[in-house]
Each structure stands twice: as structure tokens, then as C-alpha cells.
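The block underneath contains the structure these notes are about, expressed in C-alpha cells.
By written order: A, B, C and D. Residues from 1 in each chain.
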Amino acid sequence: MLPTVACIHRGLFRSCAGLSVRMISRGIGQKGILANRVAVVTGSTDGIGFAIARRLARDGAHVVVSSRKQQNVDRAVAALQGEGLSVVGTVCHVGKAEDRERLVDTVVEHCGGLDFLVCSAGVNPLVGSTLGASEQVWDKILEVNVKAPALMLSQLLPHMEKRGGAVILVSSVSAYVPHVELGPYNISKTALLGLTRTLSLELAPKGIRVNCLVPGIIKTDFSKVAYKNEVFWNNFKEDHKVQRIGQPEDCAGLVSFLCSPDASYITGENIAVAGFSSRL
Amino acid sequence: MLPTVACIHRGLFRSCAGLSVRMISRGIGQKGILANRVAVVTGSTDGIGFAIARRLARDGAHVVVSSRKQQNVDRAVAALQGEGLSVVGTVCHVGKAEDRERLVDTVVEHCGGLDFLVCSAGVNPLVGSTLGASEQVWDKILEVNVKAPALMLSQLLPHMEKRGGAVILVSSVSAYVPHVELGPYNISKTALLGLTRTLSLELAPKGIRVNCLVPGIIKTDFSKVAYKNEVFWNNFKEDHKVQRIGQPEDCAGLVSFLCSPDASYITGENIAVAGFSSRL
Amino acid sequence: MLPTVACIHRGLFRSCAGLSVRMISRGIGQKGILANRVAVVTGSTDGIGFAIARRLARDGAHVVVSSRKQQNVDRAVAALQGEGLSVVGTVCHVGKAEDRERLVDTVVEHCGGLDFLVCSAGVNPLVGSTLGASEQVWDKILEVNVKAPALMLSQLLPHMEKRGGAVILVSSVSAYVPHVELGPYNISKTALLGLTRTLSLELAPKGIRVNCLVPGIIKTDFSKVAYKNEVFWNNFKEDHKVQRIGQPEDCAGLVSFLCSPDASYITGENIAVAGFSSRL
Amino acid sequence: MLPTVACIHRGLFRSCAGLSVRMISRGIGQKGILANRVAVVTGSTDGIGFAIARRLARDGAHVVVSSRKQQNVDRAVAALQGEGLSVVGTVCHVGKAEDRERLVDTVVEHCGGLDFLVCSAGVNPLVGSTLGASEQVWDKILEVNVKAPALMLSQLLPHMEKRGGAVILVSSVSAYVPHVELGPYNISKTALLGLTRTLSLELAPKGIRVNCLVPGIIKTDFSKVAYKNEVFWNNFKEDHKVQRIGQPEDCAGLVSFLCSPDASYITGENIAVAGFSSRL
């Protein structure tokens, strides 16, 4: 099968000229803090994943953008390249072994190795309740949200070793404060807190850190159902003294930090970007 | 399909004459604190599950014993009936829809309803590592340890409603302190902490409480690999100031409490029976 | 100094004839599960502490009741003795060294040793905010809520050793879900979660277990400000799916369990009695 | 009011030309990410506090350095000024009201306001055990480690408002995994986790975020007793798969992030810099 790589020639990454807003404001030149590093961000053609991909690219990394649909990949890649950033795209449904394999091929072919894996892809079928969820719903949620990050990392690991990189999983505050209408989604997100911990132990001897972004209510299509429900949103803000909705860029800021040398002694942590915290 | 019930006649539960050690020592008569209540304990033909089944029966409950193999069910039922306890057995691989259905049939036919569900069945393929686990290993662990309790409860719920019962899931301290060699097992046990929380919210309006037993190292076949490893076990005891290995009866004591009226305002809690605690 | 013991003669505890409601309903005779054990419950002349004292006495224990005011001690002792329970009272402001010493004297003189210490005394000056709290407010809250339980236990420990007893501290769900108007109180209650953990390690080698009751909103004078505020209480119930207010007896049920042999492998745990849970 | 830059007398802040290693490697010019911001770091004349002060100054902030002894303050200030950083020093024993007042005066006089408060001062009398600790030991530890940060913030708050700043408390992993020999210190550090949560709620409406650095074993005088104990340190590394000792600069990296706009939606969080994590 031909790689569904969005923009092709090998020389691509060399032309990296993207700068993060922060870098620009500080007068940084061509090289960012992640210069010459390679990042894969799954589920990165919109929302939080897109913001992360953009930020890591602005920090100087070569970024592999992906999601399930070719046209979304094309659009995201075009947008980021239009900003002068070094990105390549590939279609990847993280729940499919062959798609994961193709993503690995893209990494190997275009980047020669990998430093950072950000597992932003996820599903939320909004099942209504845990007890109303069918086996099919459970399978899909556990497959995409829990198994896929582990399997993806397994396949990419041979290309990460000896580079001392970082993995970032993406959970949700509903892992801690379950939302009764999100059913199995809550549970999959709690599982990710554990996956972060276990992977951090497994990969510590290889010098790879594993941490977890725990977003609160972030302004994305996904969260519309929450923040557009005025009663819910007002209660939520009042309960937790949250002052504003989160932006995808807020999440990207944490991921940028977790990939940076400043975070080199942080691993196994689950960190909320939520305008509040829900645990000790 | 005929129920594979181990000991058959409908009158069975009426002869309930089991007494818990605690009740005997206190001179309690025929009626225990769970008299006339009905409990299902999955994975209850040996180890922790067996101790729980015995304890609930000694507390006066009619108990449905089950596990994957007919001969194990027969042996457990015979042992408990030999103690004068009111039990019935049925083969049930919790990961199989038809087995769960058969267990529901047993409950309906023999007990007329259900008060307590204790999900003790679980698998631990000892995969070595998360990243070494195949899709098949992941599927099996998530299916049996996470999905099955939720699906079992879904199927039993119509027979629990209006009785104000309780559900007890069984996690593990490895949910909090992951053991690097237990890979996906750790993650499945963390997921159960979240399942407890979400189910407790879903079922609160129905008057059903959901809590979670979090065993430490308990003297069972399952844990042999840990406590028979002298270096591991001595370090573990020293690290956590654990004074002795846990007994299955220690776990059963908590479950008995969680089913009792004394625990009627406790729900959503994950409680360690481990000789130590690992979180705030 | 003469003991300010409320009800005097040494033979008192031998006449123990109190029965818990549960025991009565089960037809238990003279001996309860805590027969011949001795318990101190501080802050036990009303509310949660009083319910705990009553429950432990009904379970068969000899109970030392105490709080700051003689008349409250007298009233509580009279009420419990009126139920045929074996109690003795002593005035004790837990923040005062001499009062703690007097309580120790009472234990030694009347009971010959101690099995259970339940630290229910506490203050909540309702300061409004953490940042508005004066040094005096901080000192009082930390002294009574955090230091006093540790110092009390230090003084009583010589009389507990070799009896394999249990200590129960009393925190609050505001330790996990801080209430913005309770200021330093929240922090003192979080500190108790840590005190439970550290004490459990220190005392494990002595066979003494240390756990923590974490009450939610319980129907007491203390909580009136919460549950009588209709807007707050309705939101709280809706947020956490709490179905009813807690009763002091709900708390007493957990303490009874934690003192019993059924909990002999549970230590270091913080357990909410709140109609919901707020952490994994 | 005088200009915000504290170049008043002594010429102290005028020579501000310090650049963080990270900034230098990226070719950043005069302005860092915290340019024109003002930070107070207590307990900052050596160890973690010193590294934080240096880092914030390298990020462009004007930093007020302080600790209990004049000669330590002088040495630290000289060292940082020698690097071209903009710092001013003041003696401050955080447990003394008049010292806190003097620090407030320094902030007002030299800086015209405050953006960041990092409470790094703390005591650890190494008491051996909780139950062996005298009232004096308890008082000292709670005063310096818990009350002082709250009182300091109360006094500085009028000068922080309307600047949208950040507060960082400094706890310890012993807050989660208590070290049996550190007694009351553990409890004071757990209390700080709660203080972070409560303060974050109180200050959210003012646009001030409050987070907590949770150091593991960091190479400082304070931790020598741990990492120079070979048996302890080797077990610790093995238990948690920690690969190296932490450096004060690792802690400073997190604080720098938490003060930056990238963390503007993070508040109430307790984040470990420990080479491992100990909670979900």
C-alpha cells in the first residue's frame, strides 16, 4: 500500500521555519527549543491535537500530523505548512493495526526516528450511561482510547530508543470527576492515568518519560455539548471557580513543556489543564 | 439451555443455616445481618471470591457461587453446603454473554431477585510488560476485568432495582502502585477505580451503592508469585511496614461491611485491604 | 489532681450491659464484638463523636466520653448510662496538655489500658477564607485539629501497646473538595489525611492500625450552615448524586467496623462516609 | 509611584543582563519570558530556592531573594548579580511577622508590586517520629511550613492584585509517600497540598493561580541524609525506577513553566518533580 503521506519529498523537514508565538515574542531565531526533534501527534487535525502539533512545530520540531480522514489531514498539513512549519501528514485510525504500521513507516521514512509521541486521538460516542453501553461501544472506546496508545507506542518504540524522548497521553478531568452522561468514556480516561504510571516505570530505564495531559473543558467541537449547555457550564464554573473556558493552546503549552528539557525529571505525572484541580 | 446449577431444588435457600465465625462467637442465632438477602459472587470457587461467598453466606445471605469450570463450582458448592450455608452454583465465564445470561437465569429462578453483586472474577495473564502485550492479551484483560463487571451488572440490574442493594468491584493495589511486570493488569485495575466512581453516580438514584475492594498481597494462588519471591516480599513489607500477608478472609470482612446497613452512606469508595495504604 | 470523672466508682465498667441496635435486632446477648475493649472518643458529647461513643459502647466496649465542658460531659454520660451502656466521662480540651494528661489518668485508673482512640474533637471557626485568617485562627485550628490528635496519641500510646488496637482520626470531605468559606479548616483536614498515613507506618510494628473517617455532610450542629442553605445543599446533592443527608450513626458504623477484627488488615486508609466519593 | 524596576538605590536591578541557559542556547536577547515581572522566592539562598531564584531571574524577572541569615542573603545576591541577574535580597525568617513585613516593604520599595510568590522556605528538624515530636517541634514545623506561606501571601496580596500572577508552594513527595523518619514534616507537606487547592479557589476570581512543586529526592544539603544512605537510595531508585538524583534546576524548570503564560489555565495542581509519580 502506498503511504497516504500528505506532503512528500524527503527534504521537507529541512525547510522548517515555523516559530512559536512565544519564540517570536522573545526574538528567537530559526532554532526553537525542540529543533531537530521529531514528534508524532495522533488525532491532530483539529482541536487539542491540532494545537499541540502546531505548538511543537513552532518550537522547532518536525511533526507528523494524523487523523482518520485524508481530507482532514490534507487541510491541517496545508494550514501548518502555510505558517512555515515543518509537518508531514498521514492518515491513521489509531485503532487499526495497518494504519499504525503506516504511521510508523512515515516516521521512519521521513524522520529517521522519533522523539515525542502525543496520543491525542480518542473517541467519545456519548453513550449516555455505563450500564446502557453495549459490548460494541465498550470495545470501541477501550480500543481507541486505551489499547491504541499502548500499541502505537509498542510499534514506535524501536524508533524512539536511544533518543531519550517523551510520551504524552491525553486523559480528561472526567477521569477524576466522572460525568454521569459520559459512561465508558470516563472509565477509559481513568485507565489512561494508570497507563501513564505503568508506562513511566517501563520506559524509565530507556530514558523515555511518560506523562499525561488531563484537559478540563476546552473550546473544541468535542466539548461543545458541555460549554454550550448554559446551566451546566455556569454551575461548573461556580463549583470549581473556573474563570474561563480552556483553549486548545492551553493544552499545547503543557505538552511543549513536558517535551522540553525543563521537564526531564518529571515522569508518570497526570497534570490537569482545567482552570481547577480535582485531586490532591 | 438448562442451567448448570450445581445443587438444584428451589427450596434450597430456605434451609439457610450458615453462621459466620463472628456471629457464632457472639452467640447470634439463625438470622445473620444479611438474612434473606441474595448475593452473586463471580470468580468465587477459590481465593478471595470463595472467602467472600462464604462470609456473605455466614452473614445469612443466599449466595450464588460461580466460576469458569463446572468441577470447581461443584467443589465450592459442596464445601459451603457442608458448612450448612445456603449457596447455589452456576458455571460462568464472565466474559461470555451467554454465561452471564445463564447466571441471570439462576438468580431469577432460585432467588427471585438480587441484593449484592460482588465482581471477583478476573484474569492476570502475567504478560510481563504493557508494551510487550499483544492485542489479544489486551482484549482478554480489558474484557474480563473491566467490561464484564459492567455488562454483568447491566444484565442483573433489572433484578436488583427496588431492593437498595450494593455492588462491590475488586481492584488491586497495583492500580495505585503499578507492578512493572503486571502490565495491562495494572491498567485494568486502575480502570476499575473509575468504574466504581461512575457506577456509583449512575446507581445512586436507584439506591444502589457501588464500592471497590482493593486487595494488597493476599495469600492466594494468584499472589504466590509475589509472596513466594523472598526478596520482593521482604522489600515490600519493609517499604510499606506491612506486618503479615493478607488472608482472603480479610477481604471478605470488608465486603461484608460494605453490604451491611452500616455502610449505607458509603458509595464510590475504593478501599484498600493491604496492610498499608498508598494514596491520600 | 483529682480526676473530673463524671461517673465515679471503679466497678462501673463491669456492669456493662449496653447493646447496639444492630446487636439487639440480631438477638445478641450480653457480649458485643468489642466486649472488654476500652475506647476513648474525644469530642463525644454530641454529633458524630457522641454517635461513635454510643456505637462502640453498644458493641460492648467500655467508652471514655469527653469534651470541653463539664455539663456536656455530664449530660452525655447520663444519656448513655441511661441506655445501660458502660461509659465514663472526663472533661478534656484536647488542645491543653493538662487536660490530655487528665484523660490519660482516667484511662489508666478506670480502664487499665486502651484499645481504641477516636479523635473526634475539632474546631471550625468558620473563618471565611484562608487569606483572611489571623495567626490566632491558624494556631487554634492547627493545634486542635492536627497537633492534638498526635499529642493525645503520644500520651496514650504507652497504655495501648501490646493490645493491638486501633486509632481513628476524623477528617472531612473538605480535605479533598475544599469549601472556599472554610479556609484553614480545609487545610487542617487535609493534614489529617497525611497524619493517618504517617501514623499508620509508625504504629504498624506495634500492631496498632490507624485509619481515618472522612465525613461528608452529616446532620449535626456543625453542618447546619451547609444543609440549611437550600441552594448550596441542592447543588451539592445534584453535583454528587447524594440522595440524603448523612447521620452521625453512618459515621459510627464505619468506626465500629474499623475497630473490629474484620478490619485487621486495613490501615492508613482514609474512607469517606459521604454518600459519594471524591477521589480515586 | 516610582518605576517598577527596582533600580533605585544600590543599582541592583539596573545591571539585569542575566540569561537562562535555555535562552542563551536559543539566542534570545535581553528580554526573557518573564521580563518586567517581579518574583519573591523565600528560602532562596541555596538549594532548590536558589535555583528557582536564578531561573526566574534568567527568564527576565526581577527577583527578591531571601532567607534567615544576612550572610547567606549577601552571598546569594552577590552570586546572582555576578551573573548579571536582577536581584535584590532581604533577610526574612518567614515565621516572623516583622520579617514578613520587611519583605513586603522591600517588594513595595524596590519593585512596585509583585507577580510571583514562590514559598520555598521550610524546616525539617528530622524529629524521628510523629509520636516522639514535642509541641515545640510541631509548632515550629506547622508555623514555618504551613502557616507562613499563607500569612506571607496575605500580606503580599494587596501588591499582587490586578497583575494576574502566580503562587507556587513547595511540598515534597513525602506528602504522598511518607518517610517514617520525617514525622511531622510529612504532615506539613500533605497540608500544603490542601493549601494549594484552597488558595487556588480563593484566588481564582482575582486571576492569580496557585500551584505546588512536589520535589522528590533533589541534590541539596537537605536531602543528603537520603541519597548518601546507599541502601535507602538504591532501594528507592529500584522501587520507583528513578534513574538519577534530581537537581535543583529540575525544580526551577517547573516553576518557570508555572509562572509562564503557557500555564495560564493550570491552577490548584500539585506536580511532582521526582523522576517518578506516586499517585493517580
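In the analysis below, contacts are C-beta pairs under 8 Å (C-beta built on N, C-alpha and C of every residue); 3 or more make two chains touch, one makes a residue touch a chain.
Since this is a predicted model, take the numbers as computed values, not measurements.
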Contacting chain B as well as chain D are chains A, C
Chain located farthest away, centre of chain B as origin (C-alpha)
D
Averaging over Cα atoms per chain, report the distance between chain C and chain D in Å.
37
Just curious, how far off is chain C from chain A if you go by their C-alpha centres, in Å?
47
Distance from the CA centroid of chain B to that of chain C, rounded to the nearest Å?
31
Touching two or more other chains in chain A are residues 175, 180, 190, 193-194, 197, 201, 241, 279-280
Which residues of chain D touch chain B in the complex?
175-176, 180, 190, 193, 235, 239, 241, 278-280
Touching residues on chain C, where the partner in the complex is chain D
97, 129-133, 135, 138-139, 142, 146-147, 150-151, 153-154, 157, 175, 178, 180, 183-184, 186-191, 193-195, 197-199, 201-203, 280
Complex contacts: residues of chain B adjacent to chain C:
22-23, 26-29, 31-33, 190, 193-194, 196-197, 200-201, 204-205, 207, 216, 240-244, 246-247, 250, 253-254, 256-257, 260-277, 279-280
